[in-house]
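A, B and C are the chain letters, set down in written order, and residue numbers restart from 1 in every chain.
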Amino acid sequence: MSLFYSTLKYLVVTLWSMFVIAPFLWALTTSFKDFQSVTSGATYIPWVDFEPTLDGWRSLFKSPAQGGIAIVEPFFNSVMVTAAGSGISIILGTLAAYSLSRFTFRVGPIRNGDITFFFISQRIMPPVVLSIPFFIMLGKLGLLDTLFGLILVYVVLLMPIAVWIMVDFFNKVPVEIDETALIDGCNPYQAFFKVVLPNSVPGIIVAGMFCMIFGWTDFFFAFILTFTEVQLLPVAIVALNSSITPWWSLSAAALVSVAPLVVVAFIVERHLSKGNLSGALK
Amino acid sequence: MSLIASNLSIKHEKSFHLNDVSFSMSKGEIYTIIGRTLAGKTTLLKTIAGLISPDSGGLTFDGHDFGGIPVWKREIAMVYQQFINYPHLTVYQNVAFPLKQRGTQKTEIHRRVIAALSQVGLEGFGDRKIQALSGGQQQRVALARSLVKEAKIVLLDEPLVNLDYKLREQLREEFRGIFDTKASEDSILIYSSTDPVEAMQLGGQILVMDEGRVIQQASAKEIYENPISTKVSQITNDPAMNLFNGRIEDGCIVLSPEIKFDLPSHFNGLPQGDFTFGLRAAAISLDDNGFPFSVELSEISGSETFLHVRHEGLKIVGLLNLVQNFSVGAKVSIRFDTKHLYAFAPDGHLKSSPYGGLK
Amino acid sequence: MGRSINKGKRSMNFKHKYMFLLPGLLVLLAILVFPIGFTVRLSLSSWDSFYPSLDFIGFENYIRLFTDDSRFWEAFGRLSLLSLTTVFLQYIIGFSLALLVWKEIRFQRLFRVLFLIPMMTTPVIMTVVWRTVFHESLGPVNDFFSLFGMQPLWLSSEILSKFTVILVEVWQWTPFMFLLLLAGLLSLPKEPYLAASIDGAGPVRTFIYVTFPLMAPISIGAIIIRLIEASKIMDTVYVLTSGGPGTSTETSSFYIFIKGLREFQFGYSAALSITYLIIMIISFTVIAKILVKLMVRGE
């Protein structure tokens, strides 16, 4: 590897890294600003360009009435909904994926591939399209503005992901292992739970990661389907995006919302290196 | 106690994976299913196991119709050609699995697992993880697991084919020993292979399969001496039996204008006409009074030499009991050992064999 | 494609298979059937805030869509432009980054984790931050540009607003592409590379003749998946520009959103939704087939 290539390599990587970090750095400094520092033009370094305060951070715990974003409750709501939605999606999705990988279905002209496609095609629908009917449906069921209602909707959102990842994963586990389990006296359920599942833990972790990512980062459904009783984190934050935006609170809240998934990023990277993510392509 | 198959057929799109297969197997015997790849061996084994249901035809075992009994209730064991073990369990747990599943007592499980492990030569391996084992060891674990169940039907689908040569030889020797135990007097052992040598070595009955059909079922000796068709002779001989066309005329066998010899005595009942003759490579030898052939290829194998020779359109392979390199194009003189000549009808059926077999 | 070991006949055909499939399938259907069915029904009505009733007007909405609504089709055009551009950029950048952190490099783990982070963030939230970054009078970007005497209108100029949206999308979603491609690279067999190095191929040639062809199926999959996600682009537009200025960053989803939840023309927006869906499903099937042919022929 010549010096030229090497330098180029590090240059590109560093440039992109800076691009990635930029907004976070900005949010970080901004979170320590107050009204003055923000409106008098762009400022960067604390103590040099402006006087830092902890107002932004403190406001995370004050309610809107007191001029803050009470971030604690929405944070936990997001955690709940994401966890529950992911959990249910993975359970149902893994079971369905197993059947699609192992068994043959034929209902008229519809076969396995079509069913899998049906699951995966749910991702094509923009939230907008589904939001109005969901709005009406949850309304009729009295589930608007509830955690449960939102979880139901998230299951629709996330199950396709679980199915997509797990079908591909199961396809890579030799079916002879299932057969051996059957021959050793297991019925199909036992074969699945005792043999296939323990071997699929990496796949489930990956599916879980992706479900959590897409669940935590949803905005639209939470936006449309909840109002006051239940507020999710993204909604709470965007609600501040009005004409007099308290940039400092916003920045602080943004950083808080990002934190949990940084952990996920580490986990994903670890599995990546172990080669567990190969595949998943139709 | 027996396994009887009647007219098993499995069709998939336009081809038959199993085509009207019937056989009868009794306990205490070893049966080898031999055939080329895609002949239907694995499909047959899986059907017996219950993993595949036949489109038509049936299986009975001990008088009970197998059709209604699902895989997990049949008392079978199966060893695959890929080394299949439960990756997340240790060796001990792997072998204990079927017994645990059955609800056997812990002490009994322990006794049987240890016995099975020592039978396959893996004493002390109990705590190892499967991934840490070599291919041969993994296959032994699979074998141990199949033994521990004392199943009534034991299915082995080319179990040695993915092992290296030395290991294969070694395991083959150990094999008969492993299965010659008391328990196996009660079971039916079904072994599939593409290797004729392996089939012959195992002894027992042989079922020759081709394109989903069983084309001959007989003892190893019978299959060797009297293959009922050219197809069978091709499948069950390694190196392949030489097959060449010729005529019987006026008490002579005529292979070409220059190559004629007297009818061997066992051909006496045959009419004149066209035939396909068969001769094993070992029955070809070098002899100064033989027919002129030119060498196309010579390969030394161990202490023998394969010699590919040709005379106009006639190509023959001989297995010579010497080690010698022949140059391409060299002229040699070939003798046919007519006492070991087979005659097949143009449609492939056996007409006369040196061992007096079927007509 | 996705199948590796279990080619050919699937040999297991037990009654139990339904128990595995049905819970998930039924839940999905149950939650989906109503919304989709309802949307179709809605599209055949003229429900809006003035006449909130489920009447039946046949295909009027659709006719209006096709003959009288250039805005919808413009939105479609913009969507295609935006999503194709961003996915293309993400592919190039993502692939390059993946290649760079694939092999030996210092701080490899750090870079890999870092490059993954943007996709882990909530798009809306980060977009809010970007909004402050690109704020035309108080943001750091224009602070920088004011050194040159310029104050580009990142969010309020027709052309630049598209640029800003693309930039934010690229920041947000390149990691996803990066992840898929890196996973693919890590799963490639070693033999072709040994052969290439024996043949004396340099890094560029190795890439063109070994890496790229081997990655073809994964590239296709990644591009399609990204395209599907990109076509739904909504959060960014909503926060950054609200579709503006005017309609210059208005995409199909956004337009449907406006018609439905701003103007409350439920019936009409339902028709838009259904039409959009059908077009999308057809497009993706076609795109998938084309990409496959392209890549296969390239081998």
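We adopt the following convention: a residue touches a chain if its C-beta (ideal position, glycine included) is under 8 Å from a C-beta of that chain, and two chains touch if they have at least 3 such contacts.
Note that the structure is a prediction, hence the values are computed from the model and not measured.
Enquirer: Which chain has its C-alpha centre farthest away from the C-alpha centre of chain C?
Expert: Result for the farthest chain: B.
Enquirer: Can you pull out the chain pair that has more C-beta pairs in contact than any other?
Expert: Ranked by C-beta contact count, first place goes to A-C.
Enquirer: With chain centres taken as the means of their Cα atoms, state the distance from chain A to chain C in Å.
Expert: Roughly 15 Å, centre to centre.
Enquirer: For chain B and chain C, let me know how many angstrom lie between their CA-based centres, rounded off.
Expert: 56
Enquirer: Spell out, as numbers or ranges, the residues of chain B touching 2 or more other chains.
Expert: Each of 46, 51, 70 in chain B touches at least two other chains.
Enquirer: Would you pick out the residues of chain A that each touch at least 2 other chains?
Expert: Those would be 174, 179, 182, 187.
Enquirer: Among the residues of chain C, pick out those that touch two or more other chains and give their numbers.
Expert: Residue numbers touching two or more other chains: 11-14.
Enquirer: Using the touch definition from the top, list the residues of chain A that touch chain C in their complex.
Expert: Listed in rising order, the residues are 1, 5, 9-10, 12-13, 16-17, 19-23, 26-27, 30, 38-39, 41-42, 44, 92-93, 95-96, 98-105, 115, 119, 121-134, 136-137, 152-153, 155-156, 159, 163, 167-168, 171-175, 178-179, 182, 187-189, 192, 213, 216-220, 224, 233-234, 237-238, 240-241, 245, 247, 250-251, 253-254, 257-258, 261-262, 264-266, 268-269, 272-273, 275, 277-282.
Enquirer: Which residues, counting only chain C, touch chain A once they are in their complex?
Expert: 1-6, 10-14, 16-21, 23-25, 27-28, 31-32, 34-36, 38-39, 42, 93, 96-97, 100-101, 105, 109, 111-126, 128-133, 137-140, 142-143, 171, 179-180, 182-184, 186-187, 203, 217-218, 220-222, 224, 228-229, 231-232, 234-235, 239, 252-254, 256-257, 260-261, 266, 269-270, 273, 276-277, 280-281, 284, 288
Enquirer: For chain A, which residues count as touching chain B in their complex?
Expert: 174, 176-177, 179-187, 190, 195, 198-199
Enquirer: Which residues of chain B touch chain A once you look at their complex with the stated criterion?
Expert: Per the stated touch rule, the residues are 46, 49-51, 70-74, 76-78, 80, 82, 84, 86-88, 97-98, 101-102, 145, 149.
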